[in-house]
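Okay, so chain A shows up in both of these, paired with chain B first and chain C after.
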Partner chain A sequence: MLQIRMLTALLLVAPAVMAQDDLSKMFGKDSVSRQPVIATFKSTRVINAQSNETLKKGELDFRVAHRFGDLAGGDGGAKTFFGMDNSSDIRIAFEYGITDRLMVGVSRAKGSGNFSQLYEALGKFKILQQTTDNSMPLGVTVFGNAVVTSMKSSTEEPDASYFDKFSSRMTYTGQIILSRKFGNILSLAVLPTYIHRNRVVFMDQNDMFAVGVGGRLRFSKRLALVVDYFLPFREQASKDYFEGRGTKFYNPLGVGLEIETGGHVFSVNFTNTTAILENQFIPETTSTWKEGQFRWGFNISRRFSLGGK
Partner chain B sequence: MKQLLLITTFLLTCLAGSGQEIYSCKGPKISFFSSAPMEDISAVSDRGVSAINIKTKAIYFKVHMNSFQFKKALMQEHFNENYVESEKFPFAEYKGKYAEDVDFSKNGTYPVNVEGTLNLHGVERSYKGKGTITVRDGKFNVNSKFNVTVADHKIKIPTLVVKNIAEVVEVTVNADYQPVTK
Partner chain C sequence: MKGNRSLYSCVFKSMKTCNSPTLQSMKQLLTGLVFIFCISCTSEKGPAPTDNPADCDTVLVTSTRMYAIIQENCTNRTCHPGSGSPVVADFSTLVKFKNYITDNGSMFRLRVTGPNADMPQIMGYPQLSRATRDSIACWVGKGMPD
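On to the complex of A and B.
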């Protein structure tokens, strides 16, 4: 009898509960809670390193990157206005989003290293995107480029810029970008990289592996600290040989401030490397922070939406 | 024991009965529009959910902020990242009631007054507005427009881009409802 009474009580309460019941309970936890993480980085580049970001479909990115001369050391100081009178590398690029995950681009760079007068074709594809529910904890993006130099061939055969055939003018980069955004403040990327240069000087390497790291630390909605660093794996014999001839290789490190204002992303940075393209700054950096051989630089990105969705 | 069975049966019938009072809509069309000196901004989502209880006159809407589609991809990123902060506040939720009696058994258009609470950007605000319920053959459509002042929901617009973004946004809701079948 108690059971029945309880049930009756329940029966009386049940419709009341149903009537008052929040309609929200009907939907509960639906599938929309899994979303790709957005804005891991604000731009397709950290400083020199690629970020996991690509352009969205129909977006055109006009990019200008500039690296000045040595800020201090023998070539810097007041006489060059702390490097501002010199430019070590300049890159102007047009990049375009074919889909939300695939972008392509072309650029012209002055070049700094063995080659100058560079033309670059690049592609970048987001294979996997980090999701908000962590079912995919990492973003995986691939990047590749091919660079050709249009400089005049040297007449001296031992030179890197002695081009006996057209293919000697080519260099390539292949890269995987692993990225993760931690909360809303910190984003990190790890970049296993392979560089191939068809023509190098004696004892230099045609193939070189490197691993890079990139990071972004957000101070506010518009301002962030950006850092990137590469560790190229050059063989010891090659290092020793070049050191014996007075050339030492250094690992490129960049530190910058990134400011976002609507469609612009602007970064002011300091780097020891003189070059902007992976094909050069990873294998050919011979300037060091310690001797004042670092420089002002800036990256400007202006994104345009071409056509609607 | 027989009584128990009877009560249980009654209980089940009762639950089924209350189910027919509830109508739901998967994918109401929720859009907003604002006109600013620099550019007009509009976005639309059809990935929300909604339900109406015609007995209690309760109205419910829920939409994922990430699902709003803008004309410009960068605008969409800024909307989610900087303004509505979708990672912190993934949903907008509306709970309200309409005042008038609507005869859902008769085809026709019924103007209604709606009052309720919108939770947007983690801030609740009550709104009063007008809408229409159009009944057609046991199904119905709800259409409503109301204005949201972004500052009311603590959505900050930096002075740098204040010319690009309007402070009042017109929200339009259009949803088709069907009875919930269990």
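On to the complex of A and C.
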């Protein structure tokens, strides 16, 4: 347990130390020819997944993300205006760039899944940047968050929302984002991810690893197709147990259109996840594209400069 | 702790304006967050749910009782009243509630009576107890008797 705590803490903070040395070596002597590749993604998120991007120093990003109800299936269709009458999750966030490579943020999400009423603190650090001369072929960014729910506790101990102490309310994400921009058209990211939930129901997993992939295909200066997908590694015994009790887990997939309009980045997307935060949509997605359980969603990002260099 | 302190110093020394009050505050904030994370990380699992939680022969399963539960936990808010969201799950009358279950049995089971039921979902109210969910399941299983 101690090792896991230390590992995750190091994942959140320590790489910054190495990054300083690496960047000094990379850019110090030959900074003209080794320019960092910029705008691999246009926003700090692809759809559900994080991108490699961080905010610039002094930049405040006000973000709103919304996921509607099922577009089709039993709860969708014309009677709910294809899910528009319902909301499965809403997230409002303020994120701030402390340096050009380190950002922090806080958010409030409605939550969808075992927990609702979520408060999130997050940090993201760009360790390495891809360079134009390919001396560094990949960008490496780390992301971490801690999420707490303020919902009332269930009175039943087997329930996920039974909180006998404060720590039972907390979940965490640690993530490494490996990214590469191929020319001016295509950007890809791979996201090895670790989720820790302090308290879970019987036969669920406190620790879960997942791998995500994200991509951005640019159509024009302001328009791009964005896609992301996560493969959570849930133990077979856990899958079997929950399937036996009527719950099947699915892998989150999001597809969207990203539109950049000045200070705004607006993405309209479809995804089978009901939740927005990694802590929920990676381990707890129980809706599937195949049964029409996918939904409209949007991410809006509005950036304000609060200082500058 | 001393090691941690030097670690953060390294991180923040790399910032050109390391001594600014804002960054000092951020440094303290980050240190605090990492500390809170380290001490608050636990790994617990809930106990196994009872396999036969409710004896449907003895549980009181009347429409009056069930609809009272629904009114208290589902329609006394901005949800499920018929005028609010979601419109498809309109529980504003007992008849409409029954109709919803008839038409959307699997969805109702998944979100209300199943093992991972997540309703009621918002507004800060506690989840329904497992015994209550099982009682509702018994009522549905018996054909929603009056």
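Note that the second predicted complex is superposed on the first by the 278 of 309 C-alpha atoms of A that agree within 3 Å, B and C clash if a C-alpha of one lies under 4 Å from a C-alpha of the other, contacts with A are read in each partner's own complex, and residues count from 1 in each chain.
Please note the rule applied: contacts are C-beta pairs under 8 Å (C-beta built on N, C-alpha and C of every residue); 3 or more make two chains touch, one makes a residue touch a chain.
All figures in this text were calculated on a predicted structure; none of them were measured in a lab.
A simple residue count on chain A separates chain B from chain C, and the partner touching more is C. Residue contacts after overlaying the shared chain place A:Lys152 against chain C, while chain B stays out of touching range.
Of the two partner chains placed by the overlay, only chain B lies in contact with A:Arg222; chain C stays clear of it.
Of the two partner chains, chain C is the only one touched by A:Ser161; chain B is not.
By the touch criterion defined above, A:Thr132 reaches chain B but does not reach chain C.
Common to the chain B and chain C contact sets on chain A are residues 4, 8, 14, 20. Interface of chain C with chain A (complex): residues 7-8, 10-11, 14-15, 23, 26, 29-30, 33-34, 36-38, 40-50, 85-89, 104, 106-107, 109-110, 114-116, 118, 121-122, 124-127, 129-131. Those residues of chain A that touch chain C in the complex are listed here as 1, 4-6, 8-9, 12-14, 16-17, 20, 69, 74-75, 79-80, 85-87, 98-99, 104, 110, 112-114, 116-117, 121, 123, 146, 150-162, 166-168, 170, 172, 196, 198-204, 206-207, 242, 245-247, 286. Of all residues in chain A, only 3-4, 7-8, 10-11, 14-15, 18-20, 22-24, 26-27, 30, 32-33, 35, 37-39, 55-59, 97, 100, 132, 184, 221-222, 261-263, 303, 305, 308-309 touch chain B in the complex they form.
Touching chain A in their complex are the following residues of chain B: 3-4, 7-8, 10-11, 14-15, 18, 22, 24, 47, 49, 51-53, 55-56, 58-60, 62, 64, 66-67, 69-74, 77-78, 80-82, 86-88, 90, 93, 95, 158, 160-161, 164, 180.
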